[in-house]
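Next, two complexes with chain A in common: one pairs it with chain B, the other with chain C.
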Partner chain A sequence: MIGRSQDLTIAQKRAIWAWAFLSMPVVFYVTIRFYPAAQAFGASFTNWNIVGRMEFIGLANYSRLLQDPAFWKVIGNTFAYLGLGVPISMLASFVIAYFLDRVRFGHGLLRALYFIPHLTTAVAMAWVWRWFYQPAPVGAFNVWLVGLGFPQVAFLRSTTHALPAVLAPAIWAGIGFQIVIFLAGLKAIPRTYYEAATIDGAGAWRVLFEITLPLLRPTIVFLVVTSSIAYLRIFDYVYAMTNGQGGPLDSTKPLVLKIFETAFAHFEMGYAATQTVVLFAILLVISRMQIRLLRSR
Partner chain B sequence: MIGIRKTAPGHIAAWTLLLLGGIVMVMPFVFMLAASFKYNNEIYELSLLPHEPTLDNYRRLFERSGFLRWFGNSLLIGTLTTASVLFFDSLVGYTLAKFRFRGRYLVFVAILSTLMIPTEMLVLPWYSMARTFGWLDTYWGVAFPGLMTGFGTFLMKQFFEGVPDDLLDAGRLDGLNEFQVWWQVAMPLVAPALSALAIFTFLGNWTAFLWPLIVITDRNLYTLPVGLASFSGEFQTEWEMVMTGASVATIPTILVFLLLQRYIIRGIAMAGLKA
Partner chain C sequence: MKTGKAAFWLGAILAALWWSGPARAQVEIEYWQYTFAQRVQAIDELIKRFEAANPGIKVKHTHVPYDDFRVKIAAAIPAGQGPDVVQLFYGWLQDYLKAGLLQPLPAAAFPASEVEKEFFPIVQQMKVDGKYYALPTAVRSLALFWNKALFKEAGLDPEKPPATLDELVEYAKKLTKRSPNGDLLQAGLTIDMGGQDHHWLREVLIRQYGGAPYSADKKTVTYNTDAGVAATQWYIDLAAKNKVGQIGFLTDGVTAFRSGKAAMTIDGSFRLGALDGQKGLDYGVAELPAHKGIKANFASYWVNGITTKAIGAKQDAAVKFLKFITTPEAMELWMTTVGELPARKSVAEKDANKNHAKYGPFIRGLSYAYATDFVNESAQRKVLIDMVDKVALKNVPTKEAVAQAAAEEQNLLDAFYKK
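Let's turn to the complex of A and B:
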């Protein structure tokens, strides 16, 4: 035994240690990540329903999905969350970070005020916002509207206002993270660039468009991709603000909530798996597209 | 710095607007906390200072709901998961950063690629796995999918790459085996990264919702977010009770932030830039 282990070269001994360190993680990643991912993909071609027998049904789930009006409804909602959430949050967080970057006095305190919402439990904050959205005299928003002489807004009870009303707290909670990343990106731009531009007599807008924004491109790519993924996967706020229904009349229901319902209320696991494959494909396409668009300009 | 005199009025205006915006950002917390110290008859006044502050809501919350238990569940699951993530993610990150062996690149790419798989896709197979092995309604059932993370592994790998090999070799010359070199020499050198990872992981678990909602149906085993979501039936119109529950879920994370603000902000900026 001893003789044999002395025969091993240092490199071989190191390799044995490396695989010993990796043994449990490899088992974990195979069984808890790759195998389930493959299983979900495979299940999308079956009629799996937890209790009964699982049968291969080809593309039946996919064609059912294409003809399911409820699916197109949630796809529309999901892209509404994305289409509103990403531009609004990006613009707001950039403007705040841009000015915050120039502030020295009370910088830490101001940053903390904007960042704190990011650390909260979505379900807890969903309750606070639900309270604000109540009709007067309970909800603060309607009390203020009435006080200013405006009619009350139905917010979560209206099929047109509910989606923005659910999105608002998600944006509110998300921009703290985006601000911190923008601040780090802004700090990484060398001061000499600005000084050179000032000497050349460039105004603030020209500096912004010709120096700051181009140099921030990696930061912008990162944030657009991460926030797009977050809005496409929106779930916690919707579930908690609509009692898990995505109502009224499915007007706030995103794809992930439909997946949850299909799987755990109707137990149509195969059909739900098909929807997760679609979600995966959307996430993949959107992030590829954005990286390509923003990099090659 | 540049032209401070010229931009001073603009500066003050910007500063004031930033402060106002920041106050608006934290208003939901202020209202939430204020409501949690109010009696029910005062809840309709939207004043920020209760006339008669009371801890009655907190007492009733802990008596009438499983809140204390849920708080404990979240704390326990968060702590165990964080310990596991810190141990394994840094072990794997270290191995990938500091060992040269065949298959290293493959393992790295494989782990990195798990970042592309959305959790929503995995919860269905996890559920059937948990059902098969009897993990539904157990702490283990909530925790097992998060015991290691691709993100943490990637983060730790980046930091271990900055640890000089000479220090590790010095440890080996002192007769430490490879495990001890990692644990005793390398780990203390990446303490800032470990603390950042610990904070992210704990917060991520503290706020996690989808998977605990799926795997737990026993009210006693709810985590805080799942318990809070179940309030809709119980306390629907008692907004002061709901706000008390929300406060209990939120206050710990805000306290942690206020204590560790510098690490958290630096950690996020660091992780964001490295990614």
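Let's turn to the complex of A and C:
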């Protein structure tokens, strides 16, 4: 008995202690995070509607989903949020970070100002933007447009403009976080590389494409993946700006809002679980694709 | 050791006496409703009075946030926990019955003939297969709210609201203000299908144009008719032709009316509390405008039922409690605390209530009100929201939009009744 503990190496003993401390949070995390997710996965094969019994119905929910035209509209919207949100926010935040990096005077203040929207509650911002989007004389944007001699724009009351209009505050908030991360990434690039490039006579564009961006790769991968996940899961902006409808005529409805509606307005838990499985699959595939494509070989 | 043994036996004998005493005849039942300050207050007061009158019964009051309400109940009752008496929205009765959550109210305590004589006709929807399953303390209906200050400003008599749909449009035109560019500054009437307007269209306007929204057995949509199209066209013309309002003006109808930028709105009795709290808002309440002599209204209500968990002594206690919270006194208390209308005709039609400046129009509207048998209220509301948006944003002809809406709603009804 006494001899057992003397047979383990120090490294092994350390590992045992580590696991002893980790076991509590790991068990807690697995229970809180994975168990309900596994249950939801199982619920997607049932017709559970909260008040009834849970009956196994196989893939019926999935085939119903694939035949639901509203589902395809929602998938289209979700990818539109992704396709517009990620490039615009990445480009804007990089440009701002690139120039902000060179600013010394007021650098801290500007950085803080860019970051504040990221800290602000999404619902609060969405509501303010909602008022901005009202027609004149209430909505600030339309008042400016009229002042500049342009016709007014129906932002939220248009099936074509509503989605970008809802996306705008989300991008505006997301940029703050991306700018801060880009700034950190830019600061991590050793100055010696820039100095060497100047000595070799490289212009600003070459420096950007051959030194800065390649060295920012890990930062870019991180930001693309996290912002993709965020835009694919957009919900609070849409909910707050469209009275929870995702309208007009489903033109702004993302998948998460459809899940929310199916579960808490229609009480069709099984069907909602099916949609969450689909969302999970989309997020998994997109993230893996992005990491693969963007990771340096 | 001797004193220890003696102490043990003394304690055991005392405990036996304690546990077998007549005080053990106390029954405890649970009442559940959703969290809303005034409703919680009202029930707490009712419980206090009930317990004073029934010393052997204790009522535990639990209130659950609205978003979790249905889920928690659905989980608790089958597990033998949760409420003995539960409050539910009248529209959920079918779901609750399907899930076996409610037991029929004993006919001896709640004879059907008495319910039908005493309560407003809409309550008869709680009768399934000849048995009543739940009864309301209070009901709500719709009325026309108008801003007296804006009426005066427009040269209209602030004490004379429009009584017909034609007058409604005529007054609304006078009350609408636009800037030189044509921007809406003040709406004559709010236009908000996402608010109460979809109830107004369904149960009131369609009937006033000579149609009916659903068949007698509630399973068929019947507004895809000339009457339905005419009513819908009238509603759409408010913004499109008469220009007395705008969808989305100041984000929604309640906000527009509260901020004094809309002169009239159709809303429910539950709005009274919020409007009373709005400083500087001098408003009046009137019965919904009639059309071609036809009056109609939409009513909704929350009911109290006894769950299948309540058996034996708890069932008796639950019956007593349910009887208590549906007495005229309870309804009067509920009206002054929560602002909802009494479900008993005798209480509502007391002169003091029927002629009350604010409650009166709602109460008078109850005598010709209909309560829609929703199978999925949010989905059915969305059908009408989308119908109006299709015409306004996609130039779909009204007739086609109504036909599509009727088909969508019919799908919802079919899916529900097939289950």
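Following the convention adopted for this analysis, the second predicted complex is superposed on the first by the 268 of 297 C-alpha atoms of A that agree within 3 Å, B and C clash if a C-alpha of one lies under 4 Å from a C-alpha of the other, contacts with A are read in each partner's own complex, and residues count from 1 in each chain.
We adopt the following convention: a residue touches a chain if its C-beta (ideal position, glycine included) is under 8 Å from a C-beta of that chain, and two chains touch if they have at least 3 such contacts.
Note that the coordinates shown come from a computational prediction; the quantities given were computed from them, not determined experimentally.
Visitor: Figure out whether A:I181 sits in contact with chain B (first) or chain C (second), or with both, or with neither.
Guide: It touches chain B, and chain C stays clear.
Visitor: So, A:A112: does it touch chain B (first), chain C (second), both, or neither?
Guide: First partner only.
Visitor: Between chain B (first) and chain C (second), which, if any, makes contact with A:I50: first, second, both or neither?
Guide: both
Visitor: Between chain B and chain C, which one contacts more residues of chain A in the superposed model?
Guide: Answer, by number of touched residues of chain A: B.
Visitor: Touching A:F264, do we find chain B (first), chain C (second), both, or neither?
Guide: Once the two structures are laid over each other on A, A:F264 reaches both partners.
Visitor: Once chain A of both complexes is superposed, is A:W131 in touch with chain B (first), chain C (second), both, or neither?
Guide: A:W131 sits against chain B and chain C alike.
Visitor: May I ask you to decide whether A:L249 touches chain B, chain C, both, or neither, giving the answer as first, second, both or neither?
Guide: Only chain C; A:L249 stays clear of chain B.
Visitor: First (chain B), second (chain C), both or neither: which does A:A140 touch?
Guide: Touch status of A:A140: first partner only.
Visitor: By the touch definition at the top of the document, which applies to A:T159: first (chain B), second (chain C), both, or neither?
Guide: second
Visitor: Once the complexes are superposed, what residues of chain A are shared between the chain B interface and the chain C interface?
Guide: Overlap of chain B and chain C footprints on chain A: residues 50, 131, 137-138, 243, 264.
Visitor: Touching residues of chain A toward chain C in the complex: what are they?
Guide: So the residues of chain A in touch with chain C come to 49-52, 130-131, 134-138, 146, 156-159, 243, 245, 247-250, 261, 264-267.
Visitor: Inside the complex, what are the residues of chain C that reach chain A?
Guide: Residue list for chain C touching chain A: 67, 70-71, 74, 95-96, 98-99, 101, 179, 181, 183-185, 194, 246-252, 376, 378-379, 382, 385-386, 389-390, 393-394.
Visitor: Write out the stretch or stretches of chain B touching chain A in their complex.
Guide: My answer: residues 1-3, 11, 14-15, 17-19, 21-23, 25-26, 28-29, 31-32, 35, 43-44, 46, 88, 91-92, 94-95, 99-102, 104, 107, 110-111, 114, 116-118, 120-129, 131, 144-145, 147-148, 150, 153, 178-179, 182, 203, 206-207, 209-210, 213-214, 224-226, 228-229, 231-232, 239, 242-243, 245-247, 249-250, 253-254, 256-258, 261, 265, 268-269, 272-273, 275.
Visitor: Given the complex with chain B, which residues does chain A contribute to the contact?
Guide: 11, 14-15, 17-19, 21-22, 24-26, 28-29, 32-37, 39-40, 43, 50, 96, 99-100, 102-103, 105-106, 108-117, 119-125, 127-129, 131-132, 137-138, 140, 143, 169, 172, 176-177, 180-181, 183-185, 188, 191, 194-195, 198, 219, 222, 233, 235-236, 239-240, 243-244, 256, 259-260, 263-264, 269, 272-273, 276-277, 279-280, 283-284
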